[in-house]
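Across the two complexes that follow, chain A remains constant while its partner is chain B and subsequently chain C.
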Partner chain A sequence: MKPLTINFRSKAAQTIGDEQVQNSLEHVYTGFYRGRLNAAADTHNWEELRTKGKAIKDHTIAHLDHYLEMFSEKVEENGGNVFFADNADEARQYITELATDRDIETVIKSKSMVSEEMALAENMNESGFETIETDLGEYIIQLAGETPYHLIAPAVHKSRKDVAELLDKDFADGDRVPDATELTMLARKQLRDVFARADMSVTGVNFAVAESGSIVLVTNEGNGRMSTSVPRVHVAVMGMEKIIPSIQDLSTMLRILIRSATGQRISTYVTMVNGPKTPDEEEGPEEFHVVIMNNGRHKLLKDPFLRESLNCIRCGACLNACPVYRKVGGHAYGWVYPGPIGAIVTPVITGLKDANNLPAASSLCGACHEACPVKINIPRMLLELRHKTAEGSSDPNERTSKFAERAIWKAWRTGMMGRGRFDWGARLAYLLMRPFSINGWIKKAPPPISGWTLSRDFPLIAGESLKSRLNRRRKKDI
Partner chain B sequence: MSETSNNNLGTRSVTLFATCMVDQISPSVGESTVEVLEHLGLDVKFLDEQTCCGQPAFNSGFRSESEPVAQRFLELFEKVDGPIIVPSGSCAAMVRNFYADLFRHDKGLVERARTLSERLYEFTEFIHRFFGSDAITGICDDRVTYHKCCHLLREVGIDEQPIEMLSNIEGLKMVQMNRSDVCCGFGGAFSVKMPDISSAILDEKLDNIEATKANRVVAGDIGCIFQIQGGLRRRGSTTRVLHLAEILSESIRNAKTGKVTE
Partner chain C sequence: MTAKVRFINQVTKALGRTKIIRPKENYATAIFEDRNLASSKAAQALEDAKAMTTTLIDQMVESADEAGWKVHRTDNFEESAELIVSICETHRAKFVLRSAHSVLTDIPLDSALSASGTVLEITEHSSKGSNQQIEKSKSAAFNADVGITGVDYAIAETGTVVLHPRAGVSRLLSLAPPTHIAVLRPGDVLASLDELFAIQRGDFLNGKLQGSMNLISGPSKTADIEGTTVTGIHGPLEVHLIIVENDQY
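What follows is the complex of A and B.
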């Protein structure tokens, strides 16, 4: 998928002004965010599970080569194939060639963010394979010609009316808007035939278990299970960080993933696939392929201060908790992964130069860190990326801070390095600001704080510092 | 609920780190902090040389500009013994949690920051820990709602303690706002760099505040106070936003003079 990170500001502004989308985004808080809080409160060892989850991921990422090799050997032992793709193009090419080679006509997809990195459905359709998304949200998004808005709820920004218009060609303004069940039934009817004729499926992977060579899918709609059992060829695509060592670990990871994602204790379906059907089995795919993709993840892996982002299990909890995501929406982030985790992963994978607004767009409130089931310290990594942008990166393409900004911070430092200058600077600011103030507040300020006064009054510097006031008070006491 | 009303601090002398914004923009917060601490029987020292902890530049990514300022802070406050009190969750978090990253190329500095952090407390945290939530009584007749500032809540761990403390103020009516733990949208330079996003977040906060019909909002960080007060003023609201220290000192004063606010 082509990154559009450079449009962050304009996309954000557009979403902030869109009342319907703002209303839809409320569900992210009232539904998912509260759901996670309730599920966590009902789980007596919740913090222990999070600590365990973090330890599992830390360990796996530290020994990624080892576990990837173990997983790949096991998959092959079980009769499957593994392809390591260095980037999205290689992954897409492998899948397209496989489809060509096996005379595939119809490809069904279940939800996979990694496949979005490849813009797989779009490309397969262009290559002549009928490729259809079967996750309800993804199906809606595909009909709309958009990209997912949220990690687990791709169409969360759509109203019921939007969905009705997409699913029903005959829907006209003024018609009764069907309820969610009716809409789901409509989609189900449309997708049923597709499932029946599909000869290949592409699914995502929630976890890949190294010791058994299994892939695990967590879904609520049943499309994942249909995809892994009906078509004759099954391709599972995953980012290389999706690995966990053992089935034992899976039990921990499933518990924290599902509760953090939807607030459920367990999803409607948890599907484990251990390979193609064996000679004594009657059903199941004849072929099973796993595509393990790097696509820039090595850049996160080699940076000790950003590596933790590979612990992400894509539950979406940080998006739901994020006050910025809930205002700017998913598309502003301009690539596959939105929200706080996207603000780290996207700049590193697609280039910090165009994406430098993503780490800047945060109040550093820490709600993401608090929500993360594997305790990823997202604010800390946002600060790392800001540092790279400001002055820290050795790559001039990444070091995009402007001269004026650097000058301001230099002046700031000079002012803070001595009390005399600190007082003198404050005095100067006070004298400059005072003529524009009313009762100690300013309605319209010049740059660099003009942005503030667009919507807020700005406080006037005090005419006398605390130091001076306290010293006067002390003299009085003596 | 509270541990004890007695001072279990072991000293009467504490040092105030006012923070740059309180010092130059809102000194009344600093004076109130001193008054409350003195009311608890403490001697409050003020180091005249103090400026800033370095957080603004650090948060903007300019660590080379932040570092000398942070180091200057460290050297200055290492000269005094005993507890250091900061009326800001954000600045306390900078020293305790973020200096480790800022100084990470120099183990010696990291260690010195860690040592200093052991005796550096945010204002509410300090009172709660050493005097208990019921240590301060007073009178005030306001309808108050409390906003949980992000760094105070998530970096320092002060959650319901201020509400417990305010429950000992006679006449004070506490009303809880919806989503009191959601950010107000301040975020330092973020509020100026991305004013539209910052304001959209603030708008939700202001709606939740106005729904309580409170005439006072209490919060624990001066940046958030400016953000919320600036937004309320722009809406034409007369609701005032106060630091916890301000409402406590005012209530203590009211009790002493037998007067009630305004």
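What follows is the complex of A and C.
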């Protein structure tokens, strides 16, 4: 997926002005945010679970090479195939070649953010494979030709009327808007036909268990189960950080993931796949492939300040808690991962140069840190990225600060380092600012700094320094 | 250098090392617990399920109800059979598919169903995975009005039914038909996910881990349209949990 992070401001402004989308975004708060708080309150050892979840992820990420090796060996031992993809292109190519080689006609896709990184459905369709998203939200998004709005609720911004028009133009005719049940049943019917004829599936991975080579899928709809039951080939795609060491660790990780995502105690379905179908089973995929993707994640791993972001289990709790996300919506973030976690992952993976608005779009209120089930200190990392933005980088492709900005700060530094220079600078600033001020305040600054005074006033610098005023008074007293 | 080696090397390098080092023991993950400990934990979990059956059943009833199961407690085999027949009749089921779970042969289900005029098919492994057989099994599941299964384990904490697909227990049986009926024996209720995964880990370390596992907690649902919860998007619209509280169990 091509990053559009550079459009953050315009996309955000557009969303804030869209009343319907603002109403839809309310659900993120009333549904998910409150749901998580209730679920946490109902769980007697919630804090203990979070601490343990963080410790499991910290440990795994610190030994990611070891556990990746263990996991891939186990998958192969169980009769599956593993493909290591350095980037999205390699991953997509592997899956497309596999589909060609196995004479695949119809591919069903379960929700997977990693597959969004590869724009997989779009590309597979272009390559001639009928590829259908089966998560209801993703299906709606695919029909609309958009990208997901939220990690858990991809179509949270769509109204019933929008959905009706997307599912069936005739269905939306007249004034009556069908209710959610009618629309869901219509989608069920449409997707049933697809399931029945699918010969390949692509799913995500919620957890990959290193010791047993298992993958675990969490869904409410059951499309994950369809994907692991009907087609003859199953491809599971995962970011390399999805590993946990032991089967037993699943009880902790599932509890915190599901409660944080939807507020449920458990999702309707949790599916654990330990390889292709066993010989005595009647149906199930005969081939099981796992695609493990890096796609820039090693940059997060390498940076001691940002490594913690790989602990993310993609529950979406930080999005729901974030006062900025709840106003600017998911599309403003311009790539696969929106919200606070997206503001860290996206700039590092797609380049800070175009995405420097993302870490800035936060009040650093800390709600995301408080909400995170694995206690990722998101505000600290946002500050780190802001620091990188301000300092610039030695890599000219990554350099974010402009020449003028660096020149101004350099001049500032020089000016601040000597009394004479400081007095001279202050005097100059006073003279420059005075024409724009009214009663000692600048209400409307000229470009290029006009943005600063849009929401606040700037005080006029005093025409005379404190020191010189005191000197004058002392002379008078004598 | 293979793609795998190159990939893992890059990870090692990003971690600031030159080669993979073995992790030191860590309290949080169970991977450092050896086979003996894992086996005894698994055995304990199974023992507890038998020892605390009454308490666990009561918890299960409550949480299954919350999860969206229609829960029924029956006193004997006959009553269970009658109940299943009446659920099938309510849905005007013409074609019913059941798994080969032994609990379903304990209750006089087949005779009761055929007496009611329903066509019953049992998913049993007939031929060794020929394509024709697979297609037949799939289409049976998609055409059935009701799917009936046993329960391998239940989880009281979450109201969950655990099923391991295998010969005679098709993956689609509990998913494709619009109504799913699960029949539970009281001694198979575990307290929580901890016990379930303790058993799975014990099985794994003893080389007995099954091919796959499904945890089912209520009917299929979605809230993807305006946040309104609707049941039955891809899986069953209605799910029944029948607990057979027979003295023989």
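In the analysis below, the second predicted complex is superposed on the first by the 392 of 478 C-alpha atoms of A that agree within 3 Å, B and C clash if a C-alpha of one lies under 4 Å from a C-alpha of the other, contacts with A are read in each partner's own complex, and residues count from 1 in each chain.
Just so it is clear, a contact is a pair of C-beta atoms (placed from the backbone, for glycine too) under 8 Å apart; a residue touches a chain by one contact, two chains touch by 3 or more.
Quantities reported herein were computed from a predicted structural model and do not represent experimental measurements.
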item: Touching partner for A:His66 - first (chain B), second (chain C), both, neither; value: second
item: Which superposed partner A:Thr100 touches (first chain B, second chain C, both, neither); value: neither
item: Which superposed partner A:His369 touches (first chain B, second chain C, both, neither); value: first
item: First, second, both or neither for A:Ser10, with chain B first and chain C second; value: neither
item: Partner chain in contact with A:Met417 - chain B first, chain C second, else both or neither; value: first
item: First, second, both or neither for A:Ser127, with chain B first and chain C second; value: neither
item: Chain A: partner with more touched residues, chain B or chain C; value: C
item: Touching residues on chain A, where the partner in the complex is chain B; value: 9, 12-13, 16, 29, 323-324, 327-328, 357, 360-367, 369-370, 380, 383, 385-392, 401, 405-406, 409-410, 412-413, 415-419, 422, 426, 441, 448-449, 451-452, 454-462, 464-467, 469-471, 473
item: Of all residues in chain C, those that touch chain A in their complex; value: 3-4, 6-8, 10-17, 20-23, 26-31, 33, 38, 63, 66-68, 123, 125, 128-129, 133-134, 137-139, 141-142, 157-160, 165-167, 170-172, 175, 192-194, 196-198, 200-201, 204, 209-228, 230, 232-235
item: For the chain A and chain C complex, residues of the former touching the latter; value: 24, 27, 30-31, 52, 55-56, 59-60, 62-66, 68-69, 72, 82-86, 134-137, 140, 153-156, 158-160, 163, 179-181, 183-185, 187-188, 191-192, 195-196, 210-212, 220-223, 225-226, 228-230, 232, 240, 244-251, 254-255, 262, 265-284, 292, 294, 298-299, 301-302
item: For the chain B and chain A complex, residues of the former touching the latter; value: 18, 20, 22-27, 30-31, 34, 46, 48-52, 54, 56-66, 68-69, 72, 98, 101, 150-151, 154-155, 179, 182-183, 185-188, 190-204, 226-227, 229-231, 233-234
